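Notes for the one structure printed next.
A, B, C and D are the chain letters, set down in written order, and residue numbers restart from 1 in every chain.
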Amino acid sequence: MTNVKSFLSRQDLLGLAIIAAVIFVLMPLAMDIFRLNLFGKYLTYAFVAIGLVLCWGRGGILSLGQGVFFGLGGYCMAMYLKLEASTPEATAIQSTPGIPDFMDWNQITALPWFWEPFNSLTFTLIAIFVVPAAFAFIIGAAMFKRRVGGVYFAIITQAIAAILTILIIGQQGYTGGVNGITDLRTLKGWDIRTDEAKYILYYVNGALLIGALVLCQFVLKSKLGRLLVALRDKEDRVRFSGYDVANFKIFVFCLAAVLSAVGGAMFTLQVGFMSPSFVGIVPSIEMVIFCAVGGRLSIFGAVYGTLLVNWAKTTFSETFPELWLFGLGALFIAVVLVFPNGLAGLYRTYLGPYVDRWISKKPPSGGTPAPAATPADYDADPAAKPAE
Amino acid sequence: MFADYTWTELGSIFAMQGFAGLILFSVFVLMALGLAIIFGQMGVINMAHGEFMILGAYVTYLCSNFVQAYIPSLFGIYFFFAMALAFVAAGALGALVEWALIRHLYKRPLDTLLATWGLSLILQQAYRSIFGAREVGVSLPNWLLGSVPLTDIIEIPINGIFVMVLTLVIAIGVYFLLFRSRMGMQTRAVVQNRVMAGAVGINTEKVDRNTFALGCGIAGIAGSAFTMIGSTGPTAGQLYIVDTFLIVVFGGAASLLGTIASSFAISQAQSTMEFFLSGSMAKVLTLLTVVGILMLRPEGLFSLKMRR
Amino acid sequence: MRRLKDLIENRLSRRSVLTGTAAAAMLATAGAFAPSLAQDVNTTGLAVTDDTVTVGILHSVTGTMAISETGSVQAEKLAIEQINAMGGVLGRKIEYIQEDGASDWPTFAEKAKKLLVNDKVAAVFGCWTSASRKAVLPVFEQYNGMLYYPTFYEGLEQSPNVIYTGQEATQQIIAGIDWVAKEKGAKSFYLLGSDYIWPRTSNKIARKHIEKLGLKVVGEEYYPLGHTQFNSVINKIKLKKPDVIYAIVVGGSNVAFYKQLKAAGIDMTKEKPVLLTISVTEDEIRGIGGENIEGAYAAMKYFQSLDNENNKEFVKAFKEMWGDDIVIGDVTQAAYLGPWLWKAAVEKAGSFDIDKVRLASPGIELTTAPEGYVRIHENHHLWSKTRIGLAKTDGQYDLVYETEELMEPDPFPEGYQ
Amino acid sequence: MNVVSNNTDFLLSVENLTVSFDGFKAVNDLNLYVDENEIHVIIGPNGAGKTTVLDLICGRTKATDGSIKFRNKELTELREHEIVREGVGRKFQNPTIYEDLTVFENLEISFPRGRSVFGALTFKRDAEVVTRVREIAEMVFLDTLLGMQAALLSHGQKQWLEIGMLLIQDPELLMLDEPVAGMSVSERKQTAKLLNEITKGRSVMVVEHDMKFVEDIAHRVTVMHQGKILAEGSMAKVQADPKVVEVYLGH
């Protein structure tokens, strides 16, 4: 970590700079606060998408349950905000003042024990990281240690998403049920519903996303990043090179889970509520398509993919609601059949070479580097081919 | 909770609950069989499986309307034609999908998952555009409704018996098709060694297409049969996806027997728990148990120990 | 709970004294005859011109809820068209902007915000599920908009920014249970529902009321949304032999439930058990199939078959606009009331200003409602009669009973929680 | 059970090894010993259980019964990566390399450092790594192709790369499953030379069909048939064994 240049190439820096410029300058100038808030909401999905790049694109682990972690992060945040909104004064009309309104409707007369710690912001912030990480660790340890992978892992994560949704809906006294946790107002007394707050949250969200991108880039450029690709291709070889494969998978799955959870927490803050409709199977699969459209190997691509799909969703579902599902379905198929490397692949084929030349001011390196090549020249093109 | 009942009542209830479990078992087998063929024999994840079922249901709906309008005298037996047509329609769509989509993706199982999910969205919207967003009611001949009373309490729903018989017939049919016919032999040959099968003159592409179409066709029949017990709407197919996949995975992907065994285990567990707990909790507990067991035994219930 | 009611009643009544009901009525009369300048009737910058006023329609056109919400959209459009044909509101034609909530709650919140902030609509007719309403509620309160919400729902809510044109739970439930207890001599009940807030809250109220009447609840059960296998619960019902099956199953589960109930030999046309539902309107019967639900009773405020002049005209107009094969359920009718109630309130207030409309709303009556006479209560819900219908094979209900008096809406029922 | 041997003369001692798949005994009560610095070749007809023996030793398949001792350490209780860390390297029948990575990266990943999650995150490509990778690449004839994506290598080069990936771990026992399959004649010669070179200081177990190649390299040959050992000894001795002749020529 001592030297940023060691893991951020000029191309990566350019990519980061462009994304930062889009988030911090272009969009706030081009949009009113309403659209910007929407855009901020899309950006929270980008956290999930870049997590999927790591674990699916690079590591070959397809999780169809990322909504679970998005939801866990979101619910942690929402629980804190709800408690803050449920002061005895604000809830004086309830039979039991001081507990969230939906609990009161469900005849719960005392705050459940697992809600108690969420009175503390510090605990909440820690929980946003620890709860999903721990959950991912349990799932990952159980599955990867027993070498469950590929399709099986996908289906089991999907089932977990289904289970959690049913649980949240069924235990409405503790979770707010199908309505979710709504009517969130303030964070430490700061009203998160004002335009000013929305701007601030938007920028915080953007900064966190940039941070997440840098972190992921660091991971990808480390040996662990190369190991992930190696794992995806030839898991046995990695194992027989003396690595405990399961640990790496667990790590990357947990990392993706934590990223999703951060997205979820920011979602709650910006949108003002959390509900089980972000936890289930459908949103989880949609999050995969964000990543696939962007190019499942590229974290930058994933951000653009998320934005593009959501933008298309908002636009088309407004103007041609009938066509939207056809479009989304076709997108799934096209991204698999026609351009499996997504936006990043298109960029790499058509634009990348020019940009590279322009940045490095030297001819692109060929297949066989000169003997004097630096070790960095031995790195493979990260977007070589999609996972199978 | 049993204190209030007499022994005869309890006996009857256990008999009926057992029967409810058997119906659920048949439903599960019907749902999962097509998927198990496709997944087990071809390694393809068909997320649009539910939509193929709904296609069968809509075909049944059209048939029922057609027969009622033009040849009402045949209404009593139209259901059999409807099922045959559902099989053909879903099978044909399956063959088309295999040709257009699946065959390009045999080496990328996770990608078939995404592509077929896309397909499911397209089919849903197509149903919505054609048949409307509302659920449609499928009229059934009277003999399929109602029940056979055995004792005061025990009554056996006729459509339940129908589903059970149908499941049995289809299961036997699939068994003969896969294990006793030439097509089945070729299918299994391709599963075991694609290159060698090709080398000895089996048209592997044709076998793939037929297998996929067969799986989809069975889904069509299942959908047709489910008009008796469930709803027919554009998004109804999605309800089945998780259950169906879990059944197949739990059974052990390569084994049809495993699918049947896991249908049995899950249906019995669920219907027993439903009796003692609330429906929601029973569902959660069943799913949790299945996922838990899968974590301990990822290869599923039935699987050959194989040399790798 | 008492405190809240007092609070709101006091507030409302004090304000209405301040503004003066009489003055408001005069203003309304004046407004109706002499169209005033836009700046006079709109002091808060809503989308009102000298000739037009813009409102919003916010329902799901796509996604799983589209099935249910279509009828509401149609009803609202019909009402708007009829109002325009009569000369509009304060001499202004109603134009509408329709947004799709896409069965997704944040999208509802998003679109609600767009309608209020960007489009500055004078009122929004929309939402169907409780979840979507809960999602938009903070938006309406923050940006001070007016929502007309059509669905019968669980209650426990009373927002100054919402007019609830459907029944809240007690209105449906209490009348229904009183009726089966009295007319059918029911002694024991089996409560059943889909697993989410409305059925759970409703069954809670039902249970309290049943117990208050000295009767017995022999079972209570919930299934996940979309569940399609009900054989186990049907067996339990057979074992417990309740007089009444009280069912609040929704969506696709409905279809499965009634088909399986019938197949299991529970004949609802027989004397017992009685099946009483508050969740199946004519709309749902289309999917279930009339022959599968024949003999069931529904407790709600409106049936398409209601025999009165208002309703005949309404059904005729509805079919002219949307086709002959359309059916109209309780919620559709409630959605139809929205624009009319709003029109009446605006004209009473003589202004489109949200605050003035809100203050004018309590007490607004509608004598032309298809369901008959309705009046807005001070708690923003409607006084309305509750009716019991008997389901027939053709998918319609026969009216078998209606309450003598209007049922008072009581969203925070004391003793029922 | 037999007396557990404590024979430290052998690098690897396999005793009473049995594995059965659904009742079928793929390896049946096998005893096998590998000396230090020995090239030990296992031959036998298809299905004799040769690859299964390698799988058992490296932990890929769990033994039903018996023991595998490596430097007196029981391997049957260890997991694959632990066995590797003990000093056993395994090359697979088909070249198993990371096609999406470059030759350099393939070798670098196999470099025995930073094998934990944290270690991999903080791993640095320092001079030691680069030197070692170049050294090995030279040994396996790939020193000019370090920057090439591995997928583009020829079949023979992929085999070498995989051998190189094992060498960089410096194992004491190297197990090669058909290392020259699919190689040209000249590549075979180069491989034989390579094998002879790398046995300095380590033992090698080879499963091979190519008799000519076996003759070139083998110090000792074990013939397997139906999960059991048919014959053992020098190439010449084994070739003269009538049982072996019968198995190979058929009845």
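By definition in this document, a contact is a pair of C-beta atoms (placed from the backbone, for glycine too) under 8 Å apart; a residue touches a chain by one contact, two chains touch by 3 or more.
None of the values given here were measured: they were computed from a predicted structure.
Participant: Taking each chain's centre as the mean of its C-alpha atoms, which one lies nearest the mean of all protein C-alpha atoms here?
Facilitator: A
Participant: A-C versus B-C: which has more C-beta pairs touching?
Facilitator: The comparison resolves to B-C.
Participant: From the C-alpha centres, identify the chain that is farthest from chain B.
Facilitator: When every chain centre is compared against chain B, the largest gap points to D.
Participant: Distance-wise, how many Å sit between the C-alpha centres of chain A and chain C, to the nearest whole number?
Facilitator: 38
Participant: If you average the CA atoms of chain B and of chain D, how many Å lie between those two points?
Facilitator: 47
Participant: List the centre-to-centre spacing of chain C and chain D in whole Å, with centres computed as mean CA coordinates.
Facilitator: The mean C-alpha positions of chain C and chain D differ by 75 Å.
Participant: Tell me, which residues of chain C touch at least two other chains?
Facilitator: Residue numbers touching two or more other chains: 195, 222, 224.
Participant: Two or more other chains in contact with one residue: find those residues in chain B.
Facilitator: Where chain B meets two or more other chains at a single residue, that happens at 128, 280, 283.
Participant: Two or more other chains touching the same residue: where does that happen in chain D?
Facilitator: If we look for residues of chain D contacting two or more partner chains, we find 60.
Participant: Flag every residue of chain C that touches chain B in the complex, lowest number first.
Facilitator: Checking each residue of chain C against chain B gives 64, 66-67, 70, 195, 221-224, 226-229, 231-236, 238-239, 251-256, 259-260, 262-265, 283, 285-292.
Participant: Can you check the complex and tell me which residues of chain A touch chain C?
Facilitator: Touch residues, chain A against chain C: 32, 34, 38, 41, 92-93, 95, 102, 105-107, 166, 169-170, 172, 177-180, 182-185, 193, 271-273, 275, 277, 317-318, 321-322, 324-325.
Participant: Spell out the residues on chain D that touch chain A in their complex, using ranges where they run on.
Facilitator: 58, 60, 79-81, 84-85, 89-90, 92, 96-106, 108-110, 112, 114-117, 120-123, 125, 130, 144-149, 151-152, 162, 165, 169
Participant: Report the residues of chain C in contact with chain A in the complex, numbered from low to high.
Facilitator: So the residues of chain C in touch with chain A come to 1, 3-4, 7, 61-62, 99-100, 102, 104-106, 109-110, 113-114, 117-118, 129-131, 134-135, 137-138, 142, 156, 195-197, 200-201, 204, 222, 224-225, 417.
Participant: What does chain A use to touch chain B in their complex?
Facilitator: 56, 62, 64, 142-143, 146-148, 150-152, 154-156, 158-160, 162-163, 166-167, 169-170, 281-282, 285, 288-289, 292, 322, 325-326, 328-333, 335-337, 340, 386-388
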